[in-house]
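The following pair of complexes shares a single chain, subunit A, combined with subunit B in the former and subunit C in the latter.
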Partner chain A sequence: MKSVLSRFAQMLFVLWVVATILFLMFRLMPGDPTAAYIDTTFTEEQQQQLRAAFGLDQPLWKQYFIFIANAAQGEFGESFHHRKPVIDLLMEVLPNTLVLTLSSIIVAYIFGVLVGSWLAWNRGTRAEAIVVPTVLTLRAAPEFWLGMVLLATFGFGLGWFPSGGANSAGAAYGSEWSRIFSSDFLHHLFLPALTLALYLQGLPLLLMRSNMLDVMQEDFVMMARMKGLPEWVIVLKHAARNALLPVMTAFAIGIGQSIGANVVVETVFSWPGLGRLLVASVAASDYPVAQGAFLLIAAVLVLMNFIADLLYSVLDPRVSHGARR
Partner chain B sequence: MAHVAEASAPEDAAAEPRVGALGRIMRALRLPRGDFFATTGLIIYAVFLITALLADVIRPHDPLEILFSDDGQLLANAPPSLTYPLGTTNLGRDIFSQLVVGTRAALIVGVTAAIVVAAIGTLIGLISGFFGGWIDNGLMRLADVALGIPFLPFTIVLSSFIGASTWTIVMAIALLLWPNTARVIRSQVLSVRERAFVEAARVSGSSPWRILFVHVAPNILPLTFLYGSIAIGWAILTEASISFLGFGPSDVVSWGYMLQDAYGSQALSRGSFNWFVPPGVCIVLVVVAGFFVSRGYEELLFPKLKD
Partner chain C sequence: MSETKTSAPAGLLLDRRRALMGGAAALAVSAVGVSSAVAQQAGDRIRKIIINSAAQAADPQEFQAAQLVAQEWRKLGLEVEVRGMPRPQLSDLVWFNREKWDTTMWRMVGRPERSDPDEVVYNLFHSSNRDKGFNFVGYNNPAYDSIAEKQRRELDLSKRKALINEAQDIIMHDQPYFFLVYPKNVAAYLANVWKKESIVDQSGIGIRNFWTFTGAQPVGAQKDMICNATESMIALNPLYISGAIDSWVTDLVWDRLMRVGPDGLPKPWAAESATWVNDTTLDVKVRKGMKWHDGKPVTLDDVIFSFEAPAGDKSPMYKPFVSNIAKMEKQGDDTVRFTLKEPNASFFTATLSKINLIPKHVWEPTLQKIAGTPQTAEQQQEAQPIGSGPFKVNRFKLQEEIVLDKFADHWAAPKADRWIMRIVTNTEAALGMLRRGEVNFLSDYRGDPKLLEDIAKQNKDVVVASTVDMGFRFVAPNLRRPPFNDVNFREALELVINRNLMAQAAWNGFAVPANSHVSAALTAWHKPEKFTPSLDAAKKKLQDAGYRVVSGKLHYPAGVKETMTPN
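Moving on, here comes the complex of A and B:
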């Protein structure tokens, strides 16, 4: 319990440092620091209000404390272009990014774990000689390029899938859930999710394969064999469960990392998510949105790193507390 | 990296005259000789290196020159032909020439970033593992922070604030990607520093820094090369992603630039596969070459994997 608390404190520390770096970075940008919050087209009254809210007339160190306090409450200011609070914009696109990331990573890890263990059991066969290089090649391909090829082939070429977006224009839904479970949404989701899954499956597959090869050398597998247990029981009950541990931590870290790395795939498929919002806001110098999106992506990443760290010690008691990977 | 190899080649040749050029390079890079994957990876690198060096000779046209047919028509979206091996872009630019010139940008980013990442990661890993205590603690917390910053978003913001250039991308990679190398090297140092020869050096009165760099460092060099070879691919992928998103240097023709150009010019809906497939294939080849070379180091470092 104590170690969980200290890890949690560590996570908050990392998050705080990341927020500080972000604050300093946004003071690096060209022009007046107030440009981070105030667009010249805002009315005088609006400008006054924002100056007060973010302490932009205060010295830098005070601005910093106000920034941290605001960020902790999810207060990132007002978008220059959308004229809405940044937090509203972020919450609008967050479901899209979460659905895209989670669906692709879950598919990728289920596929990777199954194929990886199957390969370990079929060591040295022709299947291995074909699958392993294919997996390496898919991992080496830039995600956005994979997306472009799929989009040109199945989107534009064959016309099986829409060319971008998350919903057809003009569609209206009663609630966020009915939107996400509409067939129209799933139809739009398929290609970007497939692109990400193709990229992501390599890591769990290769990890699972090498872990299985390791575990199969262990005494308890030998013991199970000597007991005369059927092969599939050995694979599923004894070997796979143990080989799965590192894959679980990779899964947690993977979620955090792909939320940030999704930027490119979201751009290719014009998917209205967090990454695309970040790119668009940086390109349009919409600094409050850029800041907010960056911090939200970083928060998810740090949180998932923390969960991976916990999983690692909970699932594998051999790992002594404080020892690091 | 290949330059380093060539520089040390002469003395190797004197020691064992019958080893070929490739064998000498492999030995300088501490790769197991005759390893199929490592050899293939090095050959792919060599082909791209030669292409990059001779780019101005190989490319039939200027990559940004707008081409016209004999009767004065703009050669937009020309299909592949003998004169234009991969066809032309929507603005009448030769795709093959862009691809050849793009090799240069890829290798410059890839190799410099890999050297920087491997050097920083190794140095921090060595110091952290060898000295331990608060130094170790501080450096590893720093690694946690670097791993808590989303990589692509950070590079995008940095590029847009301090200016889009190859060096911004190299800097972003150097700042954020060293922890993986550092952590692995650190744990290796923890075991190496307990070995007898280190103890012997300590007893004979060597200074800690001398022990670190003369006795410990050479033992972890293959790990440095392993992470360096993976970093080349990472750097090239990053450069391509950043350029694709429009935050890359606008005056450099790179593979990512070509893909952005193709995407922005509706090459996808037009089905101009001859435009956007080749740059992607080149990226895949370079990155795969890195994986193959790293596999060579893995077999050297973890021979258990072989059987």
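Moving on, here comes the complex of A and C:
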């Protein structure tokens, strides 16, 4: 319990550091937020008004304290650009991002674990010679290229899937839930999720494979063989369970990492998500949105790390024993 | 903030560079020897000139154009560097650090209200805008100022035209901008969804306009107009000028007393007529029977309120457009009398076609609520926006799409059932969507126009329209910094720019050469002039003005010292 609390305190500290760096980073970046309003009728008076409205006329230290105090209460302020609360903007796209990230990462890890185990078991066969380079190629291929190929083939080529967006034009739903579980949404989700999954599957697959190869040298596998257990029972019940641990950690951290890193896939598939919002807000010097989005991503990342730690100590008792000693 | 940030190192740099330059010049003179006689007649060597531009990835055409300009200027003996940077950074440098740059690529974009030349003629070059306004090049010519002021007050069309011509003549002579091209707007639609004859090509704007959106007639069962936009919407607010894409929507949801017609001229819209009583008094007869989207009638009080609301400090962006109104009063049951502070020739276009009519019953309580707070009307996003325009808002998600329904009670109800705009961030995908009918009106296309034309050749249902924009692209020299303060120098620089090449090579043929701040698209106002680029003429111009080429490098006239450093 004590270690959990100290881990939690560490988390808060990390988030505070991230928030501070974000605050300074955006204010030191070249580009004035009022530059977005430059127009033939833009006057000095308007600029001063904007700066005051954005709170940029305050001294930097004051801006910082306001920002930290608000952020601690989950309040990210108001977007310079959209003139609405940052939290509303984030919440508008967060469900899309979560669904895209979670669906692709779950598919990628299930696929990776199964195929990784299978490959380890078939070491040195022709299957390995084909599958491993294919996996590496998909992992190394640029996401936008992969996305464009899939889009051009199955999207506007064959017409099996829509060419972008999260829903058909003008489709109406009673609630956010009914939208997300509609067949229309899933139809739109397929290609972007597949692109992301193809990109993500390399890590769990190769990790699983190498872990399995290690585990298969262990005595208990030999023991199982000697007991005359069927091969699939040995692979799934004995070897795979033990090889799964590092993959679980990678999974938890992977969720955190990919939540804001979908910019490319979101752009290719016009998917209304967090990554696009983030890029647009940085380009427009919309500090509050950029800070809020980055902080949200950092929070998820830190939280997932924390969960991975906890998970590890549950799955592998040696970890918590080690800590206690 | 940025000034204090850069001034210290810039100062250091200046000293070091001066020392280096002095040394280098001495070395060059002693080494060359032969040209010492020429060198004695020449002033300091002109520093390296930097052309600031948007980054290549952000705007390939602009960057390419900058490269072409640099290539020509180098032939005059100048050392030129093109420096690409993100647009926000470029705006920051040009706008807020007016002493610190030499030249920059820049653009004016076309908008319906710019169909009247007042905005470009006055705001771009009037000296009052030099320090903080749009006259960021620092142009200062009292003769020009006086014409710009006069044309604004001149209500006689032919007299005003003569003044606008004169203004163009002065700019052509003084070259405060090096004009490059008027780009063409490219858009496309599916002819099997929309009747060709119902698509309107608006002068200086293109087919993506109010008249097309409200007038397009469906051919068959598909009655939804599905358009695309490359960027997210920013807001949907009749008191906030938030962005180009947002303006397509506000145009449809909120009516105005007048609208800029397909020919570029303002015509009565929610007004039945507008009649000048004298130079500063205007009677506007308002159309009867109009309704707001919530069913309430549009009243004269609403109309007056719409022009009063931006006048305070709650809608700073619309404020300049109503600041010339002294008072408004009702005349009978259908007329509003506007009294202006001074005569204004562009009042129909710049004010009556610009100000959104807003319901008093919605906005008065909102404005009262925020009175005395730092909040402005720009932050007040209506959950269900209420206008009186031909389309009403069904729902919208800024990052995703907006769905407008036809407002059947409108006196000019649209032919389409719904107008839907999808945010499509991938240009290739947008083309794919057009081919498959996922969008049936390609309203925002930023890719290669040739590609679109090729698609149209393969698919007869795809119709492409390209229209000369009323906006223009140019290189802006900083007239505060020598040698750009010398008109001879500027003329020479202008003489070597090959605009035809520019239009072909940088804009792939989808642009026409530009010579004036009043676009060729404004046929009633534009003054054409033929340019013949000539390196020899440019060299002669420089020679005559005292500039000398020493060892291939251009120097100031004798006795002139270099006082600036490259930015």
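Keep in mind that, in the parts below, the second predicted complex is superposed on the first by the 285 of 325 C-alpha atoms of A that agree within 3 Å, B and C clash if a C-alpha of one lies under 4 Å from a C-alpha of the other, contacts with A are read in each partner's own complex, and residues count from 1 in each chain.
Methods note: a contact is a pair of C-beta atoms (placed from the backbone, for glycine too) under 8 Å apart; a residue touches a chain by one contact, two chains touch by 3 or more.
Just so we're clear, the structure is a prediction, and the values are computed from it rather than from any experiment.
S.K.: After superposition on the shared chain, which partner residues are touched by A:278: those of subunit B (first), subunit C (second), both, or neither?
M.R.: first
S.K.: Touching A:267, do we find subunit B (first), subunit C (second), both, or neither?
M.R.: After superposition on chain A, A:267 lies in contact with both partners, subunit B and subunit C.
S.K.: Touching A:305 in the superposition: subunit B (first), subunit C (second), both, neither?
M.R.: Touch partner of A:305: subunit B, not subunit C.
S.K.: Check the residue A:294 against both partner chains and state whether it touches subunit B (first), subunit C (second), both, or neither.
M.R.: Only subunit B; A:294 stays clear of subunit C.
S.K.: One more residue to check, A:183. First (subunit B), second (subunit C), both or neither?
M.R.: A:183: touches no partner chain.
S.K.: Could you say whether A:151 touches subunit B, subunit C, both of them, or neither, answering first, second, both or neither?
M.R.: A:151 sits against subunit B and subunit C alike.
S.K.: For A:73, using the defined touch cut-off, is the partner it touches subunit B, subunit C, both, or neither? Pick first, second, both or neither.
M.R.: neither
S.K.: Applying the document's definition of touch, where does A:14 land relative to subunit B and subunit C: first, second, both, or neither?
M.R.: first
S.K.: Under the contact definition given at the top, report the residues of subunit A touching subunit B in one complex and subunit C in the other.
M.R.: On subunit A, the residues that contact subunit B in one structure and subunit C in the other are 30, 148, 151-152, 155-156, 163, 267-268, 283.
S.K.: Which stretch or stretches of subunit C touch subunit A in the complex?
M.R.: Residues 2, 86-89, 91-93, 95-96, 108, 119-120, 123-124, 131-134, 224, 226, 231-232, 234-235, 237, 240-242, 313, 316-317, 320-321, 374, 376, 378-379, 381, 394-395, 397-401, 403, 418, 420, 422-426, 428-433, 435-436, 438-439.
S.K.: If you look only at subunit A, which of its residues touch subunit C in the complex?
M.R.: 30-32, 35-47, 49-50, 52-53, 78, 81-84, 89, 92-93, 148, 151-152, 155-156, 159, 162-167, 169-170, 172, 266-270, 272, 276-277, 280, 283-285
S.K.: Any idea which subunit A residues touch subunit B in the complex?
M.R.: For subunit A paired with subunit B, touching residues are 10, 13-15, 17-18, 21, 25-26, 28-30, 136-137, 139-146, 148-149, 151-152, 155-157, 163, 210, 213, 257, 259-261, 263-264, 267-268, 275, 278-279, 282-283, 290, 293-294, 297-298, 301-302, 305, 324-325.
S.K.: Per the contact definition, I'd like the list of subunit B residues that touch subunit A in the complex.
M.R.: These residues of subunit B touch subunit A: 140-141, 144-145, 147-154, 156-158, 160-162, 183, 233, 237, 240-241, 244-247, 259, 262-263, 267-269, 271, 273, 276-277, 279-280, 283-284, 287-288, 290-291, 305.
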